[in-house]
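Per-chain numbering from 1; labels A, B and C assigned in written order.
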């Protein structure tokens, strides 16, 4: 069996474990993504809880199987909760995902917080090409929270970020996952051009990576979540190209995924880093 | 006419009153449920308003026909608003529903608040089996906001909570409603196994109980809301088993319900308490 | 070409510019509308960012092409952000839209804030008939955030508000847009009776007006957004009268709109003011 087939076997195993264990995933996320990310996590097989206040953050992270932190629309209370939960996750060796939405000089408050959160060693950092490139130290012209760069153009820049995390995931037309474990970058194809037309899909993907981190190694978890999304997006698009219906079908397939569909549709490629 | 048929007649009457009066329902709810609960309330026939700040809580509760308080993702400002609105509701004899999401030792901040809110005598307390059992004083292993227990196993424990409220509603595969008025427990069947795979359905159900409380007695209101959900879930599931489409069809039937469908599909059973 | 045809040409041009420029639109909005408004903005062709904290408000408004402020469920932090962003928008000549949700004596906190925000000269004020009438100084019986008045009955009252803004838009069965530029009121027909049964459509419409303001004059922008909604609502309703599916189809057509559909379905009428 070649290396790609082995990875796909691991993805199937991770998906199976997600259904069996239904891990409890704490999400500190934004007001746009809260409902959507919770629905994606439930549909995919895990048990989400959006505990985002500083008074319950520590005790809850202690029992959570994984944690997802997203900087989309932070409040002061959420910022405190992020700090506490990330610190707790590091202490308890709970895997956690950092999604630095909007990272850049224009949005300084959150960007300073992201810089601080890096000290707690996120398991995975995920973002779009603009966010990851800026986080890696490049000057990128910001356009709010949407990307102005291509994922394929920035993944080599992201290598620097592997000093902070086990994996770096960059979403875009193709997704790229840099992994310390394999010293490689893995390309994930699929999805549809309609996906960026639905808000919070990136945020929900970050939450799903966290869910998979509860049942697999960081590399397999990140790869499994991206593949889960890519297949659901591809199948939904085959069914309809109308945006509202596409989003409904996308949720259908997030839930309907199974080992056969993974084997049939997973489209990944291992590249040298 | 037997007792069950009489109850169903009362449910039809409550539904009719909801369409006629379109009561104004104040919801202090969580970030995951806000949009979904508002859509359910509108679709069902009432007029929702998510007024959840402490500066407008008192005056707004004074004009609201009912109030729904949900502890899903509380903020400090919401906590203050809950306090003020519950107190105001008690003073003005406005019916109100308490949904103690995540009640338990792990989530102490909200649980302490729930204990305080009980002093303002909620009209109805509703939750899943874990929450209601814990609130009744049992030690339950928490798994975030999803239940680890069966509704059928805990309803007898919930009897103690009738000292705080007119009705206790426990949702699960079957729903159980304990009522002081009839000194009985009423079982509501229906829905679908897909319903817990859609986030915030419990939260929206709590809001709908509040809406019905504006137009019916606590027992009939709680029963009507649960029946409304059970029928919509059943009919949606008959139409599709794909999760995204199921949720769309569920909203269709929340809106499309009518006396004939209630008569045809209501599935309730009166048990001794 | 008559005046109505000329306006429709301008709407087509505004829509085309929206697709080309994909302007960055900052939204400070409520918890019910956040996801829905972001999806509408993305589907319509613009790039939304829900930056609503006071620490990033000034720098972000500086780069945004337009700003939408909605008072649905304000928090203290959002209130500060509204103040800063409105002030910044005025200073940088960035067009901005004010949506005074729930304006009236019962909801004093937000209403006082709305009064203050008027000093920063919103480009457009939009609301339902109750809100606009109350804002124009009339005593209106409040029913939360839903209207108790007809849009056709209040548009003449709204003339007073043109001292604060370039356009006043009143949504209802028909929409009415008062414009300083043309010294006229423009009636927009379309939509469907199901639209008010979906929450946050008005809030999303306010955000869409802001998006169009980035690429057209205030009058054309307001008219284009209302026409965009009216056509999408009309076509969705032709497809289905079931509420859940209607909302999905509505999003389909928000995205699917094109010059031919605008030419074919725009239904506007210029009235004397």
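Here, contacts are C-beta pairs under 8 Å (C-beta built on N, C-alpha and C of every residue); 3 or more make two chains touch, one makes a residue touch a chain.
By chain, UniProt protein names: A, B, C = Hydroxyethylthiazole kinase.
Just so it is clear, the structure is predicted and the values come from calculations on it, not from any experiment.
Two copies of one chain, chain A and chain C, touch each other, and the residues they use overlap weakly: the shared fraction of interface numbers falls below half. Chains compared, chain A against chain B: the Cα-based superposition rotates one onto the other by 120 degrees, nearest 5.
Remark: chain A and chain C have CA centroids separated by 33 Å (rounded to whole angstrom). In chain A, the residues that reach two or more other chains under the touch definition are 31, 34-35, 75, 247-248. Residues 24, 26, 31, 34-35, 38-39, 42-43, 47-53, 55-56, 59-60, 62-64, 75, 77, 247-252, 254-256 of chain C are the ones that touch chain A when the two sit in their complex.
Within the complex, the chain C residues that touch chain B are 30-36, 72-76, 102, 106-110, 142-146, 196-200, 242-245, 247-248.
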